[in-house]
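One chain, chain A, appears in both complexes that follow, with chain B as partner in the first and chain C in the second.
Moving on, here comes the complex of A and B:
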């Protein structure tokens, strides 16, 4: 697994794509964070004059974290699209499958490498909150829970993206399928307006589960949702890889 | 069947199984979830008192929250808050969000004229909460489980503060606050009634400016001996008028005026005093973290030499270290406050209120209970004495933590300690002050420096690899 992990991580950072992705993500997040801080400064002054102070941990940080999660929806498919589709197109997937490695090890290596890239990307975004923390008191454990939520969301999104990538040899198709699927996962709570599904299974939308975590509420239901979603799509990817053996 | 077909079927079955397990796991995690609110002030959790109240409900309660379907933000907040109550006691509490425009008959049945109200229904009984907020909801739940309203009588006839009217000195807001907590207010004139009514839970002596007649004093004493409950607030000028009461119960209020240099922030002479320290042991002030404001207050303290046997007396609130007292006579009749250091009686941490419990004794034979009036049969009398009446006046009642302190006093006196005052959850929020330089620094770092550094690193790596 370590070998696959190293190989994938090297592949990410030796191509300019990963760097551009990280830089553009940070540019957009930085832009949103900087202007939100500026807006919040105005809002909090007005709120203070109104006698009810505004709290950054209530009105600024959770929406920012949710926006960061939403932006991941556009960036992660670009990270996962090549994971199997490219190998399939170039014929290296069959070679990889002949190595003395199980599908699970291959999957885990690729998955962890992608997650490491996202983890680094998210770690850089902390700089915005460190700056904010120098200007107003922040509740760091709450922010930590928010970042845990983003990492879990990324894990689930990456697993979905890997599954989509394993289905096709076209990176473009893999990316489009991932976009569509992730968008559906994001907006699912809006679709289920009657709440029938929610009543039975809890909220199926990733947004609803992330929102809880960004507010600083650690609910086992949210953790289980993301972990189960990631496990499900990793399992489905493993089945797709396995199917290549008998398809011939 | 070929190996390929068998494999295809097994793959298909395993995929279906995986999807099934995924949904089952979600269902189980929904039914057995655990939640930790890691926010500093537990913003998304119910207070312990609310949890106790909803768990101890005797009958199931259904909450109907009237909110427009288009008001997504309010509905989400209501869902979260009411969901917390339901989570705490799923067998006893349930809720529904009702759009008053879509269900006008339900709204009319409960006399809901505007959205934002919650009606709590338990059997045939209902209670209204005027806001979807924890404090209002929990107190409405308490009223629902304790339908017999407790009555608070304000003694009148001796120049006490009026309980109605917009006069800044009147106690209308205090009276309104009591009603909101489910107490019923009334005026008591002992010359007319000759006795404390049987339904009186508390009698309030709000700064009488004239002496009570001996017969009235005796009536009140008898009532207290039989387990009555009394809140006495003093006036600087006439606090001595209650000496007949205080001395018997081990409380004294010297004729001093408390001045506080810290209170000059209110832009007036230092006639205001801020209470900063509270007794951590007493139910009234346990966990009480708000400052309270008094005006021209007298010290009120325990008199250990006169404490009755079996009594338990405790000072509730103290001023900060910059407060001091001078003889009341130095201020009375003066146009402005002149502070002379040689006139200072005491400095710093001056007691402002005392609470005490006293074992109830048999009613003296001399004052038999008149027909129709049943004396309270509680085991102990409770008294709270505050060295100022202004702190519950219209002008100051809603300032700082005055309302919370006054309500806690009433709740303790009526043994309704489980009635709560939920602190606003945005405490500790501070405005974000951003200078022009700081704004520029934030923008340069986040929009330019970091993304550019990453991009350059990427180009360098790519360049080195090619080189």
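Moving on, here comes the complex of A and C:
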């Protein structure tokens, strides 16, 4: 597993894609953090005039973390699209599957490498909150739970993307399928006026579960939701890899 | 070292490999010979545990390819057709990855990589990206990853396809060298490849084994006539006619005019008949000059075509009946 993990991590950073993805994500997050701080300053002023001080942990951090999660939806498919599709196209997957590695080891290596890249991406964004912490008091444990939420969301999204990548030898198709699936998971929280969507499928919405965590609410339901989603799609990916054994 | 027993692979209704049975002894180089779609690659994919057989079994070093797949994969080095590699890695990085993925102990990895680089003559490109090296070197890198863990069995699918003649010669020598320490199965549709490299040949056609033997025995077995090639200086029509009169001669063909150096003839007689002495005496008695006389063996190419032709005739006979 470590061999595959190391190779994947090298592959990410030897191509310009990973660097560009990290840089652009950080740029956008930095931009949003800067404007949110400015926005929060206005809110604070207004709140002070009203006699009740504004709380960054209530009014600033949760929407900021949610936006960061929403942005991941656009970046993660670009990280996962090549994981299996490219190996399938070039034939390296065929060779890899004849090495003394189990499908689970190959899967775990690739998944952990992608998660490490996302982890690094998220870790860099912490610098924005460190700056914010100098302006207003922050509850770091609560922020930590929010970041845990982002990491869990990433794990689920990456697992979905890996599954999509395992289905095809086209990176483009893998990316489109992943975008479609992840957007679907996101909008289940309700984009319709009547709210029927939320009523019926709201429990399956990634946004709803992330929102709780961004507020520092550590609910087992949310943890189970993300972990179950990640496990389900990792399992499905393993089945796709194994399908060569029983197809025919 | 390798045994396959009624190995069969079906994709839907299509049988790609049909009840293939063979054994390979330790230290042997076995060639799978056959046209495209003969079932060579599919057989190799079953032996390398990529997918299981639909029927039948195969064992490598005593381990079953289905039930003990991981143990089998530790015993083999596989070079797939077209040598799939990671172009963004350097040759050394790639071999280090292969060593780690094949569970070469951490302490031995550096030495394993150095050995593979040496044996495959990759020293001059070890720091280059795989995407930038020539086809010949890519093939060598493919062989390097296959031998990185010193496996007792090597399975090489079309190891010389797409190479130029000099590269083919180099890879052939390398395979012979590797054959000294490992049991090798290689597939090819290039016939000289087999006769120059392999101890034994399996001829596959449409998923079934048609012949298994040494290249020499196959040639002898499938040789239906003895052919003698002569170069004679004399009146060509008369020479041809006189050669045709020798007892047992089935046919005399004039190959080409050679001016003052005489004419070339190909004389065919039944398989077990020896006529070289009689032919030479006849030419001397007639006062002509015998410039050259030697027996011609049939090439493996002809053997292969004979096998395939024989099958076509058998099928046509069956259909007519």
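For the reader, a short list of remarks on this structure follows.
Basically, the second predicted complex is superposed on the first by the 233 of 248 C-alpha atoms of A that agree within 3 Å, B and C clash if a C-alpha of one lies under 4 Å from a C-alpha of the other, contacts with A are read in each partner's own complex, and residues count from 1 in each chain.
The rule is simple: a residue touches a chain if its C-beta (ideal position, glycine included) is under 8 Å from a C-beta of that chain, and two chains touch if they have at least 3 such contacts.
Here the structure is a predicted model, which means the values were calculated and not measured.
When the two complexes are overlaid on their common chain A, residue A:225 makes contact with chain B while staying clear of chain C. Contacts of A:188 after superposition on the shared chain: neither chain B nor chain C is touched. Of the two partner chains placed around the shared chain by superposition, neither chain B nor chain C is touched by A:138.
Applying the stated contact rule after C-alpha superposition, one finds that A:71 touches neither chain B nor chain C. Looking at the shared chain after the overlay, A:244 reaches chain C, while chain B stays out of its contact range. When the two structures are aligned on the shared chain, A:215 is found in touch with chain B, with no touch to chain C. In the superposition on chain A, A:31 contacts chain B only, with no contact to chain C.
A simple residue count on chain A separates chain B from chain C, and the partner touching more is B. Of the two partner chains placed around the shared chain by superposition, neither chain B nor chain C is touched by A:148.
Contact with neither chain B nor chain C is seen for A:167 once the two complexes are overlaid on the shared chain. Touching of chain A by both chain B and chain C, each in its own complex, is seen for residues 14-15, 247.
Those residues of chain A that touch chain B in the complex are listed here as 13-16, 18-20, 22-24, 26-27, 29-31, 33-34, 37-38, 40-41, 44-45, 47-48, 52-58, 124, 127-128, 131, 135-137, 139, 141-142, 145, 200-202, 204, 215-221, 224-225, 228-229, 231-232, 235-236, 239, 242-243, 246-247. Chain C meets chain A in the complex at residues 9-12, 45, 48-52, 54, 70, 73-74, 76, 78, 80, 82, 84-86, 88-89, 93, 97-98, 100-103, 145.
Taken together, the chain A residues at the contact with chain C in this complex read 2-4, 6-7, 10-11, 14-15, 90-92, 94-102, 244-245, 247-248.
Across the interface of their complex, chain A is touched by residues 3-4, 7-8, 11, 14-15, 18-19, 22-23, 25-27, 29-30, 32-40, 43-44, 426, 428-434, 438-439, 441-443, 445-447, 450-452, 454-455, 457-459, 461-462, 465 of chain B.
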